[in-house]
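What follows is a pair of complexes built around chain A, which joins chain B in one and chain C in the other.
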Partner chain A sequence: MSHANLLAPPSSIPPPTALSLSQKAPLILSSSPTSSLPWPLSLLFSRESPESWTIHENLLLSSLRTGDDKAARQILDRLTTRFGAANERVVALRGIYEEALATTPAELEKVFQGYEKILREDPTNLAVRKRRVAVLKSLGRPADAITALTVLLEHSPTDLEAWAELGELYAAQGLWSQAIFCLEEVLLVLPNAWSAHAQLATLYYLSTPSSLSTLSLSLRYFCRSIELNDSYLRGYYGLKLASQKLIPLLSDSTSVKRNNNPEEEEAGPPPKLATVKKLEELATSKLAEIVRQYGAGNKGWAGLDEAEVIAARALLDRDGKMER
Partner chain B sequence: MAFLGATLNTVGLIFLTHAVYSTHEHTATFPHAPLPLDITIELLVSILVLSAGIVLTSPSLKPIEWARWSGKLQREGRHGEGKWTREGEEILSEGDPYAFLGLDGGIGGKGEGRMGFWDVRGKRKEYAEWARSGGKN
Partner chain C sequence: MAQPIVQTIHRDPALFWWILLPITVVMVLTGILRHYAMILLQTAPKKQTLPQIRQQRSLVRGINLRTNARVLPPASFQARKAFMVSAYQEGKFLADPEARGKPRPNPMSDPAAMEGMMGMMKGNMAMMVPQTLIMGWINAFFSGFVIMKLPFPLTPQFKSMLQSGVGTRDLDVRWVSSLSWYFLTLFGLQPVYNFILGSNNSATQSTQQMAANPGAGMMGPEQDPDKLFLSEAENLEVLEYRWVLEGVEDRLVAKFA
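Take a look at the complex of A and B:
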């Protein structure tokens, strides 16, 4: 299902797809979308559409990935002549180009200094601020990247992409409560984002020390994510894992006893054992349906991620063996 | 279905035009006589046929419930709808509106949703390794 489309590339691009994307470069570079006629006529006979520039941008990124730097340079020049060298987006794309061409850490450091210089002139350039964070990450300095991101978010607290990135960085460091805070910020603006609910649930599930309250919060967020998306494989998968962990904890009566831990208070009363068992059954049956429909090659189910379906099948198989 | 709809639309439009023209001619020749029955019937039939054609050619409705709508997006993925740009790229159907958060890959996943933070060097290295290993899988 990894269809190579430059207008809407898939959310994760494996190398073969990247190759077929960048192989479209000669075709797209052969004809310019802008008209060479003088001003009033160029408006009438222009071939450009909003889509052409999305395609150019995605082509630039995929040719940089495959090492086709000549084509990348040509596309970058085209974007620069069309939108001007001072355009925020073009500045960031030029930065990506320079980052890709830097071979040693010293050269990358130079690109980083270039970003600092741009930001001294225009501190509001968000695209360059984000590139700066990406370079810090690439240099292996996650602590500095986190500091840079917190500065960015102080000035632009509704930038959800940055909140999500910060959550990811914190999670990579094992700072679970900070990561959870970041995802909660995302949910404040996008309460309907099923992927954010599932991510938050995953963070609760992974957070250490794992306790009854974190697991029941995880269960609740997974439930919310499937309430928002009735075929969300990740939601059902997580729901099954979380409820499998919760069932023994809840059956053991000593751990259910309420203590006055403030964290437990925040999580509310733990779910009932019968409810969790029902949820586990629901998740199992839904996962089985997804695996079956995908395996049968049903056209209405072809959009699912193959790796995810394989993982779900493995989980169901493991579960079946345990019961036998 | 699309062909049937287009045929109904064409037929309906022809009859509607004919009926309107006939009405005009009739009132121009006999200003005070009532409209003959056949013109009235033609007008009504043409409007019915045209309405049926418009309903048949309209795109299918989206699910109203949020969970069903998002579930449909998830199950079916993005697929082409028979439209291409000048560059030869197919215009795809609606995709996940929250893809820009880049949370699909999970924690430490390979998702590239957050384009502002795109790790060009990491991806370049990944591709180079793939190419060196013979470009399999």
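Take a look at the complex of A and C:
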């Protein structure tokens, strides 16, 4: 398991890590970051630092995840006394707390009404706008969530999180080209994000599974994500799938010739058959190596997600059976 | 003259306790006081309205498109370029479409700009007032004292720096007058403040001025957003575009071969 750190938690932490993080709550809550001394002395003897509040924020999120609502309440109270109830971040964090505590759709609806009220007073509070989208999503209204996100992005078109979220929502609805557009916006902000490249490739792969041009685009994006990070399991996994689908298409010469219409030429000529075959071999060997190293418990490979390794192993097994 | 004559001045040891130390302590304390006064005087930055946020971020989006165009396939790049250029030229993202093409209003009449100037004024006042007072205090009580001797020799050019307030021509440069000690502490205490107050303190003028207008280069109040949009549209139009994914599969094969 990767090392858990309250200062910079990874964007998606597995449950055991979240649990171990939230178990630090009593220790942190037992010591106050602000000094209890009277005013001029408190300036001199305070142990408060920007990091201490980052830790509080992350602790709040982990303890909500693990159901430690009491600790979450205490942390939230602390943040509120320090920064005031009207602070944008505190408002958003309180919203997260209320959402986590809401058990029925009616209670969620109430939280949602609260957000609407905040937004009527201050339409620039983007954090609350995002929380509103999250509530809409958990209420099971993806169409409304998409509308809310498009309004948000209309006003803040460089918001990475929102673009990625919108892409996910569109993909869940099967609106591939819109989802692809959103992911491209993510890439424009973060041009070297290998995970975004792989996500975009996945969307191309899923959108039209039998078209030569989209498959070669997908293959290229997977290649790029491997080029950016040459031990990226998901990149190899996708590369193998995409190249496996491409090989029969490319060997079938009629389909190559058929694809001469101008729209599909935009994406460049399709890759050469020999190259794709080589890439497929490369992906297979890399996946096998990753699975082997992970199985052997090698230290440098322990940071991988277990589910992803299992999936890779299953893919290799399936492949082996077909060849036999 | 084989050996330069070493000047000796018999100083009262009380000079150290009653002049050198008080000046230093007062200077350090003024710096700390000014730091906290600046924190109190600072007004919170004014909140942008939603159209202003939109205007600024749309410009950033165009800049992102220009700098990172290489990640997009040709078709989607051309579509985005066409959209952004026409939207920029029509002024679709402007926070205030009516003000387009009109000359800039006088900054003196703009309350937002006035506020920024007031902030700078306050900073300068917090610097000037204590400086004037302390200098007056030193001139009134300690003028003309020679308070210390530097342990190393210096060239005569430093005379004006180290012996202001002492009108003796033949005095060795190593002797420092009280007024000069004041100037030395005034300009040389930044490391001390860094130690006491942390690195981004506002105890001295230099850091204060930098903090006065953060990020004014991007879209400061003095720039016309419409002009920025038009120039960005031009930049986008002349952009030389290359797709980074072209031939990526061959690169990868070559890399692992």
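Quick note on the criterion: the second predicted complex is superposed on the first by the 294 of 324 C-alpha atoms of A that agree within 3 Å, B and C clash if a C-alpha of one lies under 4 Å from a C-alpha of the other, contacts with A are read in each partner's own complex, and residues count from 1 in each chain.
FYI, a contact is a pair of C-beta atoms (placed from the backbone, for glycine too) under 8 Å apart; a residue touches a chain by one contact, two chains touch by 3 or more.
Treat the numbers as computed from the prediction; the structure is a model and nothing was measured.
Within the superposed three-chain model, A:66 lies in touch with chain B and out of touch with chain C [touch as defined at top].
In the superposed three-chain model, the partner touching more residues of chain A is B, compared with the other of chain B and chain C. After overlaying the two complexes on the shared chain, residue contacts for A:227 are found with chain B and with chain C alike.
Residue contacts after overlaying the shared chain place A:104 against neither chain B nor chain C.
The residues of chain A shared by its contacts with chain B and with chain C are 226-227, 230. Considering their complex, residues 1, 5-8, 11-13, 15-16, 18-19, 24, 27-28, 33, 47, 49, 51-52, 55, 61, 64-67, 92, 96, 99-100, 102, 108, 126-127, 130-131, 133-134, 137-138, 160-162, 164-165, 168, 171-172, 186, 190, 192-196, 198-199, 202-203, 206, 226-234, 300-304 of chain A touch chain B.
Across the interface of their complex, chain A is touched by residues 66-68, 70-79, 85-92, 95-96, 98-114, 116-124, 126-128, 130-131, 135, 137 of chain B. Only residues 123-124, 154-159, 181, 184, 187-189, 191, 217, 219-221, 223-224, 226-227, 230, 263, 266-268, 271, 275-276, 278-279, 282 of chain A touch chain C when the two sit together in their complex. For chain C in complex with chain A, the touching residues are 47-51, 53-54, 57-58, 60-61, 64-65, 68-76, 243-246, 248-253, 255-257.
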